[in-house]
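A, B, C and D label the chains in the order they appear, each numbered from 1.
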Amino acid sequence: MRKISYREAIRETLWEAMEADERVFTLGQDIEYGGVYGITRGFYDRFGPNRVINTTLAETAITGAAMGAALEGLRPIAEIQFADFITPAMDQIVNMIGKYHYRTHIPVPLVIRTPAGAIVTAHGSTGPLHSQSPEAWFAHAPGLKIVVPSNAFDAKGLLFTAIDDPNPVLFFEQKRLYNDKMDVPGGRYGIPFGQLRVARTGLDLTVVTYGSMVPVVLNAVQQIAAHGIETEVLDLRTLVPLDRQGIIKSVQKTGKVLIVHEANRTCGFGAEVAALISEYAFEYLDAPIRRLTPPDIPVPSARHLAEAYLPNVNDVIQAIQQLNRY
Amino acid sequence: MRKISYREAIRETLWEAMEADERVFTLGQDIEYGGVYGITRGFYDRFGPNRVINTTLAETAITGAAMGAALEGLRPIAEIQFADFITPAMDQIVNMIGKYHYRTHIPVPLVIRTPAGAIVTAHGSTGPLHSQSPEAWFAHAPGLKIVVPSNAFDAKGLLFTAIDDPNPVLFFEQKRLYNDKMDVPGGRYGIPFGQLRVARTGLDLTVVTYGSMVPVVLNAVQQIAAHGIETEVLDLRTLVPLDRQGIIKSVQKTGKVLIVHEANRTCGFGAEVAALISEYAFEYLDAPIRRLTPPDIPVPSARHLAEAYLPNVNDVIQAIQQLNRY
Amino acid sequence: MKTKTSILEPLSAVDNLNLYTQMVRMRRIEERAEQLFRENRTVGRVYTGRGQEAISVGAAYALNPDDGLAPLYREMGAHLVRGVTPREIFCQYMGRKNSATQGRDSGLHIGDPHRHLVSMISSLTASLPVAVGMGLSYQIRGQQRVAMTFLGDGATSTGSAHEGLNFAATRKIPVVFVCSNNQWSLSTPSHQQHGLARLAGRGTGYGMASVQVDGNDVRAVYYAAAEAVVRARHGKGPTFIEAVTMRMAGHSVTDPAVYIPKTMTQQWQEKDPLHCFQTQLCAEGLLTAEKIEQIELEIREEIDDAVRFAEESPLMPTDELTTGVFAEFHGSTNAKN
Amino acid sequence: MKTKTSILEPLSAVDNLNLYTQMVRMRRIEERAEQLFRENRTVGRVYTGRGQEAISVGAAYALNPDDGLAPLYREMGAHLVRGVTPREIFCQYMGRKNSATQGRDSGLHIGDPHRHLVSMISSLTASLPVAVGMGLSYQIRGQQRVAMTFLGDGATSTGSAHEGLNFAATRKIPVVFVCSNNQWSLSTPSHQQHGLARLAGRGTGYGMASVQVDGNDVRAVYYAAAEAVVRARHGKGPTFIEAVTMRMAGHSVTDPAVYIPKTMTQQWQEKDPLHCFQTQLCAEGLLTAEKIEQIELEIREEIDDAVRFAEESPLMPTDELTTGVFAEFHGSTNAKN
């Protein structure tokens, strides 16, 4: 099988979806020339100005227009240039798009793709306004499905499903995974929503994570396995719908839980996972539920600050060791 | 002491703050004639057009202008007509206002007041777009203090503190409490942020709640006390800063926790409270942590649906009894 | 009621009667809704378009049934022209089944994909960019369809209105923006919402065709809308229509509107669009006292029937409370896991 | 460098030299910043105002030091005119202490309450309504102060720009909006951002004074800004200035801008604002080859010093990572509990 990157997997899925279904089109800022992360490079030449639409610098126009086109039978895929810039569309997304089916029973089939999370390079991180992970806000807003793929294979399968789904789907691409390569089948396949992936099995404890933190966690648990600690790693894949059973099942087995995510701590999705476990797997718990997340501060720009901010492999190892000792 | 309503307590505090400090002014939609809930009735006549400012229908302009005035030394109190309409200002509030001090060390002293939550009358509820309780979003955005007063006395003291605080404060007034009366001292007093109120002491279990649900919970625990169940009720008052110690202390004593709020369940503030307890009071827990909240749906309009949606006294009693039996 | 055959011809006698009848229907339905509110028989507040019937009816009359339509809460007339029935409307007002939101939402928040009708939300003006998206979908597919959306003078201040208007102007998306300038947004007078002498200047500021029209003259509104619709249909881009009128009631049924000077309301009372149009049609020999009576009678019966029907329609069962947050999805083909 | 004495008089010889010097400083500082970026010595990307120096310098030169200023990322010149020093700027670029954000944020996101300078955030155009609020605070207190803010052609599409512009126009708030129309917003050409023949028409659409000016002519920009500032200071409301120019580099230092036709850049190269102004000043006898050399030399030394100073300035210690989310608060008087 071919090895392709997370970025390429997303690009290929969009391309194949647009080839397969005339109703699918994409709109967003600067996507004509390929977009800032190059996801739509070449699309304009292939699909032309009616299916690859450069919008104005206006996130409410982008998402609102996507909804209007969806109501009239198209399958829009909107790009928000950075997840940080989803806030100007907050009203449109949570109040108009998210509540529409409940209020009217009319489906709103659309996908909003957006690159989320921080990248750290020689120039420091992407900073306070190009690095955020705002997915939890939308979990606290009924009617929106939320996808956060952690690898190229999932990105492809989940994006196909997102495009097929008759509901609005927020698809949070993880910038720092864009270049990560793996085996990805050609052609169309869907990964169902609401089914977590057991990324590694283990009996000693469970790490619940998703998105950018999955590779970090896997790296850590692999190292720690050498010390005889066998960690089960759950990659949630979709936050809404959430695979509650999958989480509970694992905790029932291991009795110890560490939750890891890149988003800020307070009211992050980890809080929901902890609440869920402490309500429905309480009797199986052998230790406090730990969360490993950045602190409640904006993402700092300078490299040393950004590195201190983001959970890294050592942080995960330490947290697991502590929990294991408990 | 005089008995005055929650509404009157807020009105009086604003009035007194504007009398006492020339820098304090208020801006928002329709506040000249008193605003839709009458909070600023009479203000325009007393304080004139330079301190009671009718804005355009534009929440980003309101909050952004408040920030600009704050930077130049004034003490703005902005009104968002309904908490549901805070979303068009999401970017301004979370990215500009909330992150400003961390990025620059420059204080942004302002208050954003807004009526939140549902009211149910003969005409049903205030519906999906005039009833929301969005406070948890802002707890997941660093740099914003969050106040949700549950009674007239607290409303006054917390609002004074909010106006004095050099930071941006979101002040979520609870519509359904506006007419609730109680003893409130005249004159100025502040209630410090980050100190919960033990609204009732008890040994059997702890209910953690805030805002509109406090009277509902107090009513329930009073009834249930007749059956010999002694419930401790914690009214959080401020979600940011949060009185973590206060919560932990109570749980250490009772060992059982019910969390009640009016906001939607998933990633609501209750999730954070549960996560906190399951991490820091795990050893003291004798039962699963329960959350009693509305389901993850928009607030329905029709009376019977709204009543089924909102947690009521019976729901609380049942939840407590269940937990007590555990 | 049959709709207009060609938008390019002047309004026929039948058209004139259609317009008149729809305006009367709007007025009477809203009066009944207000009454039902006072009797505690509605779900939610009632907001009317009293005094603005000419805009709502006249503008929508320029559309084809498959054109997109995104009205706001005062646009009862647009719903009627689009074919929404009084039965549906009263079921909606009374929160019953047989309506668009079945008690989950209230008021004129009626959506229907078959009628290309968008259900507004209270948050202003979230449905405006949606209308632009409908227009975009027509443009993408090369269809000669048009979307029409309404906004108040107050709503022109929102960021969402701007983003939609500007995007439409930029791409020449086929949309007609009908701005009902009724002088007030809740208690706020228009001059506190914008700094323009004529609000129509806003459209010009986007580089789109822009026109001011007497919003109390249904035929003037119709012709302005028809011109805009033709323009949009032929790829010439959107139009901003400022229809000048007056809100002849409180913001909602519970608002006594003490902030509005009495003299202002009195002056506008003389320009009542329904009364003026009636007088004109009578003078033109298109309407008689008899016909007026007959129309009123038919509408009264229609409304009585609708209210009765609504009252007999069931409420949504409470056990449906949590259903329908999402549309059902039966999964992608070729699922791998 | 002393600032102008009276805005009502023509620019003096000293003013002209000031303007020229600031433009050179801007160009050279940004060139050095780009170089530092390539050497991996900066925090964050570098965005320059290359080709737009006349706007940034000329507009800000019309302000008093206590006027509000909310610049965006290409407005190095406005910072320099306001007195921000190269040392502060390079500390900021290199993420050091002795700067506005000390590595917590990057680039020109410099705020300073004493200089009435707002720190922008990347989210466009969140700082525009903030500038309006500064103006509002002057209006409230009856101060004859003015706020100035900048936005790009692309940024005119945002809801936040609209809400700020419209609110300012409605209340005649003393703000000057300087729109640098550099033909592009990232890869998107201006005609995909608005439907206007002249973007200045946008201001007219708010009912505010609106003017188009050659953005490569620093004196034209200055006089337009001066007129706008005087207007605002005297309670006559805001102005929208469209300064037409061209972005003479990629969106940021990493963008090769392949989407811009080479011929376009070449044509504009001939209008380089720095070069043009230099030629004019020489022709007018205000500048000599010698003086040019001297200015360049002084600036080079100043920059060398600043970079050295920045490099010697400490980083923010990691243990300060979580401090300062909130300003310290020592509690209200009379606390009860």
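In this section, a contact is a pair of C-beta atoms (placed from the backbone, for glycine too) under 8 Å apart; a residue touches a chain by one contact, two chains touch by 3 or more.
Just so it is clear, the structure is predicted and the values come from calculations on it, not from any experiment.
> Of the pairs B-C and B-D, which shows more C-beta pairs in contact?
Counting C-beta pairs in contact for B-C and B-D gives the edge to B-D.
> Measuring between Cα centroids, which chain is at the maximum distance from chain A?
C
> In whole angstrom, how far does the Cα centroid of chain C sit from the Cα centroid of chain D?
Computed value for the inter-centroid distance: 44 Å.
> Please compute the C-alpha centroid of chain B, do the same for chain C, then give the distance between them in whole Å.
36
> How far is the middle of chain A from the middle of chain C, if each middle is the mean of its Cα atoms, in Å?
40
> In chain C, what residues contact two or more other chains?
Residues 101, 104-105, 121, 123, 157-160, 162-163, 166-167, 170-171, 192-194, 325.
> Can you tell me which residues of chain B touch two or more of the remaining chains?
56, 58, 60-61, 84-85, 87-88, 91, 95, 99, 102-103, 128-129, 142-143, 296-298
> Given the complex with chain B, which residues does chain C contribute to the contact?
Of all residues in chain C, those touching chain B are 37, 40, 42-45, 95, 101-106, 121-124, 154-155, 157-160, 185-188, 192-194, 258-259, 315-316, 318, 321-322, 325.
> Which chain B residues qualify as touching chain A in the complex?
So the residues of chain B in touch with chain A come to 84-85, 87-88, 90-91, 94-95, 99, 102-103, 128-129, 134, 136-137, 139-143, 240, 242, 263-264, 266-272, 274-275, 277-280, 282-283, 285, 287-291, 296-298.
> Provide the residue numbers of chain B that touch chain C in the complex, in ascending order.
Where chain B meets chain C, its residues are 29-30, 32-33, 36, 54, 56-58, 60-61, 84-85, 87-88, 122-124, 127-130, 295-298, 300-305, 308-309.
> Would you pull the chain D residues touching chain B in the complex into a rising list?
68, 70, 100-101, 104-105, 109, 111-113, 116, 118-119, 121, 123, 126-141, 147, 159-160, 162-164, 166-167, 170-171, 324-329, 331-337
> Touching chain C in the complex: which residues of chain A?
The contact residues of chain A facing chain C are 25, 27, 50-51, 53, 55-56, 58-61, 63-74, 76, 88, 91-92, 95-96, 99-107, 109, 142-143, 145, 157, 160-161, 164-167, 185, 188-193, 195, 197.
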